[in-house]
């Protein structure tokens, strides 16, 4: 895909939102280039580039990933924007309801999302949909309420009430939009938190859209992010001690580890951890 | 005032909000102490401390002001929180509508604030109140709408809809609360923007409350902030050229400037600017 | 220990450096307090506080740890300061060689530290000390060279060369000092990187000194940091798959895990991971 | 100039340093684009773009300038790097003396820079060059000392002393290099401080080089930066009161101000300030 193709990429999110890649600076080679300033080596082969990027990610040498930058145009409900903005290491220009009139767009969840409070997760929803037509009634109630709010808003504006006040009773489901610019390291951090199953479904949709886009710009870095961050698991000191007691050390050897896809360095670290042999 | 007294300070804001000082670290002497590490001098008199703080503020030597930290507990409408959070150099823990039930508190403007859109300020309200009972009707409409939203929210919860979804139609006028921690330099930057007449009235109220509180903790720094930032005016290069043409240089002399309250250094700079004499 | 005692704490580092706690704001209870704003609960028992802090640390809910702030006065060689300053989320006021004369203090390593380049670590030193009196000769050469540099510096100053130029040939081993202020979350991040065995020995000494100090201010948070960050190990997705193949699942049961000291929640997560049973 | 031409731009700085533009994202139109998201307007003419950028700069609406990003490759003496790195809102990858051998490059000032300590500026040098051949002697002494330091360094390395220790007596005049990435708003802040006459000459050279480069990428923004920041002057509240007393208000009229190049809005603000007429 050319840069021009990528810059046309726009992924619809929820019922009326989207993520669109406006611009970006750098790709996998920019990560390598920055790392090699520190380590003082010249350009190497693709295989070595991949190895370097994976080494950087595994060992949390994060600064080379800061050398790549993405700028997105996004449209999302305000309650999603409120979670999103908590990531402070990004640049933002948001549509202003003080300067401009708000549009008639509100998020109405898909009926399959109208679920019970989760039992095992104080902050989330369960897998269970509401029963007996309740969901349909709630959908209707939500839609009616959104329409009523917007009518009220328009009525206030028609009486020339200042926009900054007329908007205060619009619901958190109202859509807003912004330009959002962030470097790759901080975007990975955002994605780690917002692709997580504990993140609210609605923001996860936007995280997935951005992940889809950037994996085409930085495929090697994204794969390393998946392996070493997204699919990784942290074991506490106590848990590592427990693991040492329950693993069958006879099954640990370099060949088995390399066959799985680990690098020589990673295999050696696993062997050392469980057998104390270097 | 003792530290204990200050930590009981709580200022009500708008109809149901407040700002409360939870903790702080350092005061004017911490600014001086940090500056003196850079400049390598020992402790001096109050008069010299004041002079040093004013010198730092005037010349935008900002890092010593970063050595003082404030932590506030605040309660504000969500649309105010959305403006507030744009200041990224602070630490925040906000009440979560995913974990906990939202309370039945909404901002209803004082009737004197229901004003027309400003003519000369695209983002603000004018000085002019709505006429002919319109304001009363809008007040009633707002209150009714807030009540209806909350009833709807409670009804969704009673059907065990997940909290994170039940809340999405609550209005931007709903109150939220947070702990907010920031250093003095960045707080001054916040206050400069949010005490400004272009800031929305509702956030200005909170900025004023914080200003009231901190001026008791860092009186010298706050006074310097008022003189050199809040009440200052920036003239562009072109405007300075214009000033040079229209001032009566005969009226510029050191005595007049010192009598006004300028320091010797400041007086000399003014004289040099307009007369090219050192 | 009272706050006053803690504020007298000063730990010598290397031959002429130190770390001294100047001030701090908040302790373990401030972490709990901030978390409970988000989760909407009242104050609980010590046991529950500890459980909450460990839950926050384990799940990287980092913002409550940002509510505690530390300010240190530190003195260290310039090459250590250069590594230290790379942590950007802190406030700094450093002694200025432009304003003030540099002192006659240089870092001379202990002879036991004069070691070979490491074979297995491109950035570090090995465990092996230089042989055959080489170390003694290098020590002497370093000391002579430092003295010569300082004599040269003083000679330039005596000829009234501007301080900002006279200093440019002083060595990276010259001591500097600063006030350094940082929140607990970012300090933990600093400590994770700088207590690591790959960090240069000389900065590790300063990290250890700060760790000694803060564990007396925030004992519960520090213990959680040790368990879940410092002594933890991250396994990549591939490595977790490998672990699943080599563990003896018969040895995994709640009692064994609780006996080790894991919480019920942590034990359940381990059991689920390896047996797919909830 | 095309983007390709700009990316070949490299400006030599001091005796052995340089600044080179590696990549950038966005230009003046990206600033306008971001601002128009907030204000909700479509694309306008060049004249309106220029007016908008100047309005943003004048009123310190800084976020749209954060939407442009620059990445430089720079080579500078370590004492310059130490001042530079104090700007924390940038991304950095620096050459590492732990991983790689330091090169034999040291900054030797031009003889015209060997000046006396300033009388009126505690941190800087005066305009006065050292007299009577002193400068020549100091130059020679500096060069000899740099050579001796490097010989010593090489000798330590030849004895296989770890690189991270061998380097500690290299002088602050040794050259280092880095990739440095920053957004336009923060770069303007850097330039404001480092183009200032109080900044050390050696870092000013690098600031000027970056200014030369970026004014070709963002000509309108750079011009606005010059007018409203670089050449502006801040008058304190007291000073503004004084100005009001000494200006000849008869000379203030819109035509004179427009002729000077002020916008209508700026002219009106000047008239209001000094005559209290809108």
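General remarks:
The letters A, B, C and D name the chains in turn, as written, and every chain counts its residues from 1.
Here is the rule we use: a residue touches a chain if its C-beta (ideal position, glycine included) is under 8 Å from a C-beta of that chain, and two chains touch if they have at least 3 such contacts.
All values derive from a computational prediction rather than experimental measurement.
Although subunit A and subunit D share one sequence, what matters here is the overlap of their interface residues, and that overlap exceeds half of the numbers used.
The geometric centre of subunit C is 32 Å away from that of subunit D, both derived from CA atoms.
One simple way to say how far apart two chains are is to compare their mean CA positions; for subunit B and subunit C this gives 35 Å.
If each chain is reduced to the centroid of its CA atoms, subunit A and subunit C end up 29 Å from each other.
Multi-chain contact residues of subunit A, defined as those touching 2 or more other chains: 39, 92, 96, 99, 122. Taken together, the touching pairs cover every possible pairing of the chains. On the side of subunit C, the complex with subunit B involves touching residues 23-26, 30, 33-35, 37-40, 63-64, 66-67, 69, 71, 73, 91-96, 99-101, 177-179, 181, 183.
The touching residues of subunit C, when paired with subunit A in their complex, are 39, 58, 122, 226-228, 230-243, 245-248, 251-252, 256-257, 260-262, 266, 270, 273. For subunit A in complex with subunit B, the residues that touch the partner chain are 77-79, 82, 85-86, 88-89, 92, 96, 98-99, 107, 109, 113-118, 122-126, 130, 134, 138, 141-142, 145-146, 148-149, 152, 155-156, 159-165, 167-173, 200.
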